[in-house]
Amino acid sequence: MTPILPAGIRSLTFSLDETGTPFLILFAFLWTISALYAFATTPAGERARLFAYFVPSALGGVTVALAGDAISFYLCFALMAIPAWGLITHARTAEARRAGTIYLTLTAIGEALLLAALVIMAVEADSLALPVLAEAIGTSPLRDITVALLLASIGLKIGTLPASGVLPLSYTYTPAGAASALAGASAKVGALAMLRLLPAGVMPEEWSYAVMALGMATAFLAAILGTLTTTPRAVLGYSSASQMGLILVAAGVSLTSAEAAPLAYGAIVAFSLHHGLAKSALVLGDDVVSRLTGRARTAALAALALPALALVGAPLTSGFVAKYALKDAVHALHGTVPEAVYALLPWTAIGTAALMLRYFVLTRERTAETHVSPRVPVALWSLVLAAVALVVWMWPAHWNVHAIESALSLSSMWTALWPGLIAVAGWMALRYAPRGARRLNGIVPPGDVLLGLAAAVRAADRWLAGRSRSGGVTARGERADIAPALRATERSAVAWTAASTLFVLLVLLLVALSTR
Amino acid sequence: MTAWLPMLIPAIAGIATFALGESRGRARNAVNLTAAAMSMALVARLVVHAYNGTVVASTIPMLPGLELGMSADLLGLLFAAVATVLWGVTLVYAIGYMDHAADRARFFGFFALCIAAANGVALADDPLSLFIFYEILSLTTYPLVVHTGTPEALAAGRKYLFYALGGGAALLVGVAWLATIAGQTPFTPGGALTTVSGRTAELRVIFALMVAGFGVKAALMPLHGWLPGAMVAPAPVSSLLHAVAVVKAGVFGIIRLVNELYGPDLATSLGVATPLAILAAVSIIVASVIALRQDDFKRRLAYSTIAQLSYITLGTALCSPLAAAGALAHLAHHAVMKITMFFTAGSVYETLHVKKVSQMPGLARRMPLTMASFAVAAFALAGIPPLVGFASKWMLGVGSTQGGSVWALLVYVSSGALALGYMVPILTSALREGDHAPARGAESDPRMLWPIVTVGVLTVVLGLTAGLPGSPVHWAMTAIAPSFGGWTP
Amino acid sequence: MNVLAQLPGLLVVVPLAGAAISFVAGRRRAPHVALATALTVLALAVALAVHVLDDGPFRYQVGGWGAPLGIDLVADGAAALFLVLTAIVGLVVTLYATAYFRTDDETAYGHGLFWTLWLFMWTSLNALFLTGDVFNVYVCLELVGISAVTLVTIGGGAEALRAGARYLFASMLGAMTYLLGVALLYAATGQLDMDVLRTTLVADTTAATGLALMIAALVLKTALVPAHFWLPAAHGSAPSPVSAVLSSLVVKGSYFVILRLMLDVMPADYLPGVEIVLGVLGSAAIVWGSVQALLQTRIKQLVAYSTVAQIGYLFLVFPLARHGADVLTLALTGVLVHALSHGLAKAGLFLGAGSLMTRFGHDRIADMGGAVRSAPALTFGVALAGVTMMGLPPSGGFGAKWLLVSAALASGEWWWAAVLVTGGLLAAAYMFRLLSVLLKDTPTELHASKGDARTEWLPLALALGAVLLVLAIPLVSNLAAASNVLIHAGVTP
Amino acid sequence: MSTYLVYTAGGVLLYALGTYGLLAKRHLIHKVISANFMGSGVFLILIGLGNRSPEGGPDPVPQAMVLTGIVVTVALTALGLAIVKRYYTATGLDNLDDEPSAGGDR
């Protein structure tokens, strides 16, 4: 029997490998912190409701790093993603429900695409083991469709254009604790999927270029959308989408070049770790700030600078190392597109910096809610901040030591700094901007085109419903009743004279036939 | 003789139920439950025989040159086992559900006759015998559909009957035509028409006629119109219609037709398999999309059934061994999942008079065990591992890919996404705050609750144990293998 | 003297004697006489069937004269089948009538005559099935006709009288046409005995015209569309036991003569095109009768139009018979099974309709809701009879439909199969129009009347018989093989 | 031979007249009489047949048929008249009243 037949529970295998380890650490850390945070900040009456979804989601979110075969991976992916609906809709507001619906729809599509890809890979590899899958698909005639399915699935997970709204939607209405896990860990499963499933160095260059271009476009456009959105959480969501665009660039690199793949993988891991922690810290920070008053609030706002700077990629932060690793990876490719991407990469930091400024402003404006003791939240937040500060120095050396070394060079520090400075300058300049420009503030609701799409679907549904109703009425009205005509025909046919004449005609017919 | 018993035992129980009359409820329940237990034991014995390679069979002369035959092969036994086991579960449920209803003798009598006919369909050894039991099934189901006697039920019954009889007419012509050109053609794994395989034009028309016949019960679009309407029947009947006997008789007919009458090779070379596959694929997608838009709980489930049945048809029509086995396994798996759902629908209606998804808020707290079972079944239906639906969906997907039909795989996964789309809103609606206060005592009649929990647990257990010898997955592969020339997975 | 050889004579003499005795026995004892006669005739008919199965067809010379001067009776498989059918239906109808025509009901006009007339009609029917002489057919047909018309009017209502008058005039028209045909045939051939005609018939315009006239007349008696005009009124307004007999047996009598003339007496293509006309008219009957049945609002009219439709099936054998012995065997067996199953089911249906009308006190279908509650066995009987009408398995109707469809497909003329299938669906349509009302959940108080058990269960018994007939198809097939039609066509069983 | 033809022609004429009457005459007694016309027509033909072959004696069979036929026709006529009378008593009508134009059909 081939190993790809369904074998129920026996087909699930879990193991820890080199790729999984950093993710396991990241996921376990973030889900634990956010669980504690959520427990502390959720009113006792609502805890059961929240954790009914939180626990399975966390279980899936952590074990996905351990999944050793296609089915376990799919299971963990689903286990994390589907219950997250309950976290997003926890607030029970109409917006939260709508966000949940859109999220779940996209999740369902993403799961379907992933399953399709996994099935093809399993068939081509005649195995379920993850390490074998990516290798086997590289030489399969179904390679292109499989990679397309994978990219689409991962793209939905990490909020690539045009689904850039999915991350803001899933953070905005979620309680802070849960949101930090979603922000920090959930999208990183997409990064893990890139490492586990995408074949390295087998695709034509055009594929790679298209993916890289898409990644860059996401990075820039999400930043622009984010600066125009409404809440700090939404800003963070778009920031995540933007950063995930950069991860996609790294994935694009690995697709076509086997030599650059280790560099790209290093960049993906680095980005995941760095971004996961920093984003988690920012999400929690927003909530922590709102719980504080006075001097503590000011201190907290100041502390927000650490993860913010890390995201921008300021020197000596984790973001700096991650970005450097990415640059290295892109640099390993030659051609117009990689070179253009390479040139554009620093410019993405301007967008990130602008987002961080926007986030900072919005967070500062938040009104304080002081009814819960902030002690536990602050303590947990501090832990995450500490991790943000330290993680870069626990870098697994064999990935890309060059990145760490270059973090200490002055020239590269300048490269990292100027985009941030431009953003600050731009922000300052904005004060003197015409009123019309300022009105753009907050015109992008979290979810952007997805909201429009959802509205369109609802409208189509209403239209269909209306049409089928009116259609039914006309159909009934127009049905002609032939019964009276049939009855009348029979009545005249059985009337004596007509009927007996018919019979005589029948007789004549038979006689005529027989005497031919 | 033994081969006739799975059909005869329920038939006798049905007649006995009529004879006992309305007033002797205890005796009626005892007769039916005993018959169910006996049938289960008998089917189990036959399964053991069949696994060991002994197929119990028997024939009696019927029409000139044609015999009525029953044969307890693994393929048929799978369907018979589904019908028999779920009959037992449904009986308990129905006894609870129909506790205060009128005309129970009629209800349980026809119920047993339905199962008898389903078992007849399952074990029928040739097209004629299958056709006969198929038509009996149509007839014995009709009184159940119109059981309540309301104008709505009668209208639905009329619709059901016209679809069923129309399909039966097509099937009759197909079977008779085949008999005139090929004589007695007992089902043979891999195909029974080798002697007449040259008459391609006729064989194509016959195939189309038979598909039209089976397609009605299999609710293959556009022959599905009766199914949503038939939802007016009492819940145990809906369960029977949708999960156990009736619709499965249709897809089972298609399985027999493709694998054991024409055979995958002939069906492929005649070019009849692909159109069937496309029809099924369209049904899957269209029915799933329609299901998204239904507020009526049972109607939504009905459209889901239409989609899921076409899973089986599609898997069979792909003529790829693993897909065919997956289709057969899905026949059993879908039965377990869908019966959980219809039990739930019946239970919430009978307990709280909830009929629509939009009336469900608060239900999760009012009937937690029921809704939890439903949730498990719903996720199983959407194909979440390691639940039961995933196993067959995986097989179907892998089989499609192996057969070179990646498009079918995409249809399957899209339908999985759509299944989440129409199932989850039921759960989310039930999870909302709402009018239904938590129950003080039991959440519903225990005779309804425990069957639900049992089948709910079964969706998990069968999923976890998928692939073990005796599980539907293993069983289906063993039963399908001979049709593909001794293919081993 | 061999008793078995006397069976054809006995089958005519015994019911005739019964009729005479019942007339003098008086209204109270007449039912007992009729029952005793019915049982005896059944035994005789079964014995004849067994005898024919064992030894094949045989002739019986009435009075020992022999053809051409005397009148011969011919007992073959097909005749035996019709005789047994008549005996079974006859027995059940007699039993039913003992409840229906209650002896203490002194006001009912003419009820006392029922037994005599009915046994007399039975006599004529048996003679019709057995006779081997075309002129004797005329006599038997008229005897059947006279008793049938009288039985239709036995209730004495205006509607029944009108229907009876129409029936009588139609009967006269048919009789005279038939007689003219016989005259022409005799003018051309000088023969009246079917067996002699079979061997001596040569192409001849006068003979052909005569046969065409005879067949047309028989078509009228069988009420094939468009000559069905007298049937719905007559069968619909007669007392229910009479309707049952008329619909299930009487039309088969004239049909059996057509069958013998077309397939046995005449060489193939003797009347070219006539078999096609009969097939087309049969198809038209199936469709038109069913459609009209669907439109009826009164129960017995519905059942009567159903007969118009079901008669159509019987005529499909003629076009199919041109396609060789195999197809002929299938088709002939098919129509014989159909005649049997329709005979049983239609009698059951008419008796059931009668019981429903007695219980409800009216005949409007729309107001018969809730019958399933108060008379479940009766409703079930009607439903089962419906099943066999529709030709659904497992029922005799299914066997017939299967055989005819197979014959049509084997002949290559698949359109007859399409007609058959359409007919089944239309039958389903009109039967379920009735059933859906009976199954409706409307609480009703039905009239309780004496003889309820008999009037409730006997329709079910007949319907069950029609259903179980499917198991007897091998037997019917053997009887068909022992029929003169197939033996003379050279089919070896 | 010519005698036979005369009989036959007369018989056919009578038969046709009778057929017309049975079909077209509305009064029921007319119909009964018309049917008798038809019968007489056939009997005439049959009687003619009996004298067809001059070399042999008269053929007894047609005569037997005519006799039987007359008996049957008399019986039918009697029954017809009885029914017409009862129909008239019950409804006051002397025709079938079933033409759609008359509107009396049920």
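Which chain is which? They are A, B, C and D, in the order written, and residues in each are numbered from 1.
Heads up, the rule we're going with is that a residue touches a chain if its C-beta (ideal position, glycine included) is under 8 Å from a C-beta of that chain, and two chains touch if they have at least 3 such contacts.
Computed from a prediction, not measured in an experiment: that's the story for all the values here.
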item: Comparison of A-B and B-C (more C-beta pairs in contact); value: A-B
item: Per-chain CA centroid nearest to the all-protein CA mean; value: B
item: Subunit B and subunit C, separation of their C-alpha mean positions in angstrom; value: 43
item: Distance between the centres, which are taken as Cα means, of subunit B and subunit A, whole angstrom; value: 38
item: Subunit C-subunit D separation of Cα centroids, rounded to whole Å; value: 27
item: Whole-Å gap separating subunit A and subunit D, where each centre is the average of the chain's CA atoms; value: 97
item: Contacts with two or more other chains, residues of subunit A listed in rising order; value: 494-496, 500
item: Shared-contact residues (touching 2 or more other chains) in subunit D; value: 19, 22, 96, 98
item: Numbers and ranges of subunit B residues touching at least 2 other chains; value: none
item: Chains touching one another, given as label pairs in label order; value: A-B, A-C, A-D, B-C, C-D
item: Residue numbers on subunit A that touch subunit B, as the complex places them; value: 1-2, 4-12, 71, 74-75, 78, 82, 85-86, 89, 92, 97, 100, 104-105, 108-109, 111-113, 115-116, 119-120, 122-123, 142, 145, 461, 464-465
item: Of all residues in subunit A, those that touch subunit D in their complex; value: 488, 491-492, 494-497, 500-501, 504
item: Contact footprint of subunit C on subunit B as seen in their complex; value: 61-64, 103, 106, 131-132, 135-136, 138-139, 143, 146, 148-151, 154, 157-158, 161-162, 165-166, 168-170, 172-173, 176-177, 179-180
item: Subunit C-touching residues of subunit A, taken from the complex the two chains share; value: 483, 486-487, 490, 493-496, 499-500, 502-503, 506-507, 509-511, 513-516
item: Contacting residues of subunit C [partner subunit B, same complex]; value: 329-330, 333, 370, 372-373, 376, 387, 390, 392-394, 398-399, 401-403, 405-406, 409-410, 417-418, 421-422, 424-425, 428-429, 432, 436, 439-442, 470, 473-474, 477
